[in-house]
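Labels A, B, C and D are assigned to the chains in the order they are written; within every chain, residues are numbered from 1.
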Amino acid sequence: MTKTVTDVVCPFCGTLCDDLEVVVSDDGKQLTEVYNACVIGTEKFLHSQAKDRVTRPRLRQEDGSWKEISYDDAAEYTAQMLAKAKKPLMYGWSSTNCEAQSVGHEIAEMVGACVDNTAAVCHGTTLIAVQDIGIPSCTLGEIKNRADRILFWGCNPAHAHPRHMSRYSIYPRGFFTGKGQKSRKMIVVDPRVTDTAKLADVHLQVEQGRDYELLNAIRVALNNEWLPDVVAGIPAQKIREVADICKSGRFGIIFFGMGVTQTLSKNHNIDEAIALTKHLNEFTKFSIMPMRGHYNVTGSGEVLAWQFGFPYSVDLSRGFARYNPGDTSTIDLLARGEVDAMFTLGSDPGAHFPISCVKQIAKLPSVCIDPHQTPTSGVSKLHVPVAFCGVEVGGNAYRMDNVPIDMRKVVDPPAGMLTDEEFLIKVRDRVKQLKGAA
Amino acid sequence: MAEYIIKNGHVFDPLQGIKGDKADVAIKDGKIVKDNQVSSKAKTIDAKGKTVMAGAIEIHAHIAGPKVNIGRIYRPEDKLFTYTPKKGNIRMAGGTSIPTTFKTGYEYAKMGYTTAMEAAMPPLFSRHVHEEIRDTPIIDEGAFPVFGNNWFVMEYLKNNEIENTSAYCAWLLRATKGYAIKLVNPGGTEAWAWGLNCLSVNDPVPYFDITPAEIIKGLIEANEYLGLPHSIHIHPNNLGNPGNYTTTLDTLKLAEGYKAKNKFGRDQVMHLTHTQFHSYGGDNWANFESKSKEIMDYVNKTKNITIDTGNVTLDETTTMTADGPFEHHLTELNHLKWANVDVELETAAGVVPYIYSPDIKVCAIQWAIGLELALMAKDASRCFITTDHPNAGPFTRYPRVIKWLMSAKAREAQIKAFKNSDKVIAATHIAGMDREISLYELAQMTRAGPAKSLGLASMCGGLKPGMDADVVVYDFSPDKPVANPDQIEAAFSRAAHVFKSGVEVVTNGEVVNNGNKRTIWVNAKVKENPQVMRDIQEKFLKYYSVSQANYEALGHHFIPNPYAIEVDASQ
Amino acid sequence: METVTITMKNQPALYLEADNVAPDKFAGKTAPQIAELHVYEGNTTSTLGKYFEVAGNAGATAADTRIVVKGDVKKVKYLGMKMSAGELVVEGSTDLYAGAWMSGGTMLVKGNVEAFAATGMKGGELIIEGNAGNYLGSAYRGDWRGVSGGKILVKGNAGSDVGQYMLGGEIVINGNADVHVMTHAEGGKVTIKGNAKSKLGGQLVDGTIIVFGTIDVMMPGFKFVDNVELEVDGTKAKFAHFIGDTGERHKKRKGQLIYGNLYKKI
Amino acid sequence: MAAINLNLISGRSIQQGVAIEGGKEKPAYRTAAGIIELDLSDLKKLGAWKGTNVRVTSDYGNVIVKAIETTQGPHPGIGFIPMGPWANSIVNPNTYSTGMPTFKGTPVKVEVAINEPIMLGIELVQRQCGVKVG
């Protein structure tokens, strides 16, 4: 016999779909089928059932082999490492729930750590731009119900957020958008003819690295000023057309992704895109939203912000919080040799950082907390496997539009496995003793 | 739990009519008890020559939730060089106009505040609001979900369906663990979804075929149908614009003829918030002037209304409101960074930094209006002090506002310091006002009054035996003349002792305990209403971006220590 | 003027935060007292004397105090932070935040500085004989009130983001500058005697950029007005004059829109 | 041997997404992300068959990946390696003091390396970091 769990929240990307149905065995120990999820989400749920899963902490030995240890020993090792370090880095936090993040922050505060999430290599530059110029945005339901102008700039939801277009942005029929896709004009800006671009009414194949200039040019067009014949590979006439399409809508939105946050100009690309959005509000209603990657990177930013005042790259080393990407940001901390211990949870820097930074991690005392085997666990001294958040334990997560959704547990983790939060509580309590706090 | 007896202080408790008499206050098991009910082990606090009051109550502040947090996220400069380090169990705390949650709890406590209401909770984000409330130590908190631009409310009220509106309100209060019915720019924020606004109570709301006046009256009726502890809590249309006092009077007049129906001892049917922002004359920024008198004349004679002030504190701050169109208007004026969040089917919010400079005439006039409102109030128990934190200034400036209210000399010094002193005097009434708020009136404005307005008067805001032991001792002697008004500010900035539910949380102005905070919410029962349940289901299926099953704020993570106030409107 | 010389003797394992190394902090103190000032290595607080040899007493005031920093201080941050008067000489290269938030006095770095030098500067003079890192003379994150006064001279090259949100003051770079110059600025002047890359003057509201060398790619929001003769730092030459950013909002003066200016030597 | 110069970008692909959830220790991850997507015209310039192993070299390192024809083109002059250890062996780590490496827009040289093996994801990182594996 089986039972079906409904309204399940998908712990893959920032779209945080919450309409999944998951079939589990009657005893709640096995997960057999997943409905409504994209292929990636489905794989995430199913992979939790892998037979070859690592289920106990492992410590790297002198000869390079792993030795299985208990969670208590793993907590002891982690607490000792953090308490001894002068400037430990606690990185990740994007593939876990807000409950675990909160406990992690208590530890970070006690040991004087730098705390950073995956925005560091994702939408960190967006946050810098937001700090410089603000962000007029909305929830995804507003897009579904009202938006008739949709721009995807430097993002490829067909690949990275597979259900975004069907749930929120292009296809759904909302309150004021009864004709679904026909109610909307879709513009894609990307140097490649992506699978998203192929669906667009207009594709601007921008010269790679010149988004800032192109965004600026659209604003110049809004002001009816002179433009060079071609900007970023796009003819001026085309730029003016796009400006007119945007102006003529009733409710527009710019979605943007790594194509602009990781490209030359970085925060400035976003800054100018936000300036363009603000500018368009002189003509009609316009919003802008980052396509956040990890399902709870947004939540990490929220919790960090209400607890410490900054959304990522927070340096607590001096007993108070400081923030300045370029100084307190993970990539720079590693590249500059600023930290002396590396703690990773809910992310895989080993796979997603430039190799020079990964080499730095490999040199440091390091702990990696991750349900998977990853390049990070592969270069860390201690690997602590934990329950899959959003599958084997619930907890709060924030969608890309900052809407919090409480995730559901659908199946038990393998016997004896801890969750992120449970493991962190062990570490916290031990650090408290080591630091002599009451 | 420890017992205390606070001896020989000058007690100010409007609830019991105590006006500074020397009396002892005893605390046992988290409650106030008669002074013969504590044992000999009770710890004695010597309050001789000091002022003793109940814990103060914040009736309107933006301290938790998505717009507060976007403020934190997008203003790193608000934290620069302002942090207090971690100390033992007391967490590190930072931020000026938008402090971190820890700092929020600590700063309120240090000033003697023990209860606070988050003024605008977007229902879809209630889980976020509650996570922040959980992380705000010491103070009891509730949150007001916003209803004034809600699609359900507008559709029901278009047909004058009060019972359905009430059933929906009760459902939403339960789903969001909310405390009261809040309206922000009714209808205007929905219009903002199309870049428009409703500037008068009679402007039609685009598409919904309803006016702000109809929304306001309908929600008053629903509120009294349910018999909620608080009345509707309204931020009216046309905030911040010259000449808006007429819109404010039009809004207030909508309450005429309604009578409060509840079991909580509340008398008003409408609470008008941050009245300062709604008391403007003139028709442009050049002839901008105070209309505090016109507003207060009406408020003074109308018993079924309470107000709070929204005092401008002359600081750099961060404005934030569910009045989306207003924040857009503001960023067009000052060109500072603008955040906006439109929330599907429900509301919106905007955030813009603002500097209230004493060198700018309009800011100085705003400062005067806020103080005039309080100084003109005939009944101090219906006019409460707020800064609409952080909109008119950070709540941490309450001691300074108190100084200005209690000392004509302090006001005079500030008026003199304005760059455009003469023009400010000409556009306001402040210069001629010699009233000085007494400590008893202060206790009405910050304790007994807000407690009664919120329907919490049996629980807090007073020192009657049986009430929660929220007690403050200020190092301020009512006997001695105040040589320097700054003494007032100093005394109310850092209380000598603060007890929250019987736990000493502040000693000599320093936080010593993280307390045991509660989340207060209202559980209103109504008759089963299948139509409303069907409507809710349909809206979630068609228009919301989350499923109904994932909407409610539930469980230990969000509300670890709930305090539900039960209301039964099912009969 | 009294001179205090501090010489690095024990290198930090990580980086050292030395925000107390400024004439304002040294003023009125003897060498032993100065050695007791706090410095920070990660979460560990210790004293200046643990890392530096301190010689000489400070003057009574900041203005009477001259600090000379010797030895390898490449891993020392915040030298000269918030200094308001006096002199600070760094004999070699130093790390982040050199002269950040300084409001007066003179700071001379004989080597290079890393990023965020002169962040939020209000006055005084910062001279860098080597190269400057990124964000030279820019605003702190989120602050729209950037450098409002003072003078910065870089004899070598500068990194990206020179003068973001600049309101006043002057920056001269004898070498080249990387991308983004005076983004969002509303005043002040940046002179680049070498070459510039691209993205100059993006979102410029007001202020002046002068480039002697080449510009790889111009922003579309800059339009050519005319050729003008200018004298810059004693050099008289012909410059092409552009105004911008035409995509950005601009203030009006006497009914006329006021643009930022970009001059490129012909 | 022919070599071509390209502008490298990295980013997500749905195959890479599925593979990271399926296990980064598995060969499927290599199949999904140990590749470089090239425009047909660039493949021709390189003189390589589809599916040939190539060495991609930048100022920051080099890596062996499989050259395949892009399905999201044309994009002549641009090479695309899905985000992961292969791309990260060669991307530009310069953050311009923003905290963000320049993951997109690294100049690279691509040359045929028909006999060189493509490493598994975890192995590739461990090798470069000199991690001793038991």
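Going forward, contacts are C-beta pairs under 8 Å (C-beta built on N, C-alpha and C of every residue); 3 or more make two chains touch, one makes a residue touch a chain.
Treat the numbers as computed from the prediction; the structure is a model and nothing was measured.
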*Between A-B and C-D, name the chain pair that shares the greater number of C-beta pairs in contact.*
A-B
*Give me the ID of the chain with the smallest distance between its Cα centroid and the all-protein Cα centroid.*
A
*asked:* I'd like the Å distance between the centres of subunit A and subunit B, where a centre is the mean of that chain's Cα atoms.
replied: 35
*Counting in whole Å, what is the centre-to-centre distance of subunit B and subunit D, each centre being its mean C-alpha position?*
56
*Take the average of all CA coordinates in subunit C, do the same for subunit D, and state the distance between these two points in whole angstrom.*
39
*Averaged-CA centre spacing for the pair subunit C and subunit B, given as whole angstrom*: 44
*Note the residues in subunit D that touch 2 or more other chains, in rising order.*
96-97
*Which subunit A residues sit where two or more other chains touch them?*
128, 131-133, 264, 318-319, 323-327
*Touching two or more other chains, which residues of subunit C qualify?*
115-116, 134-135, 140-142, 144, 179
*Which of the chains are touching one another, listed as pairs?*
A-B, A-C, A-D, B-C, C-D
*Which residues of subunit C touch subunit A in their complex?*
13-15, 17, 40-45, 77, 96-97, 115-116, 134-135, 140-142, 144, 165, 179-180, 183-184, 198-199, 202-203, 217-221, 223, 245-248
_Contact footprint of subunit A on subunit B as seen in their complex_ = 64, 66, 68-70, 72-76, 78-79, 83-86, 88-89, 91-92, 94-95, 98-102, 124-125, 127-128, 131-132, 135, 193-195, 207, 328, 331, 336-345, 348, 351-352, 542-547, 549-550, 554-555, 557-558
*For subunit B, which residues count as touching subunit C in their complex?*
74-78, 80, 335-337
*Which of the residues in subunit D end up touching subunit C in this complex?*
96-97
*Touching subunit C in the complex: which residues of subunit A?*
85-87, 111-113, 128, 131-133, 210, 212-213, 216-220, 222-223, 225-228, 231, 264-265, 268, 271-272, 275, 279, 317-319, 323-327, 336-340
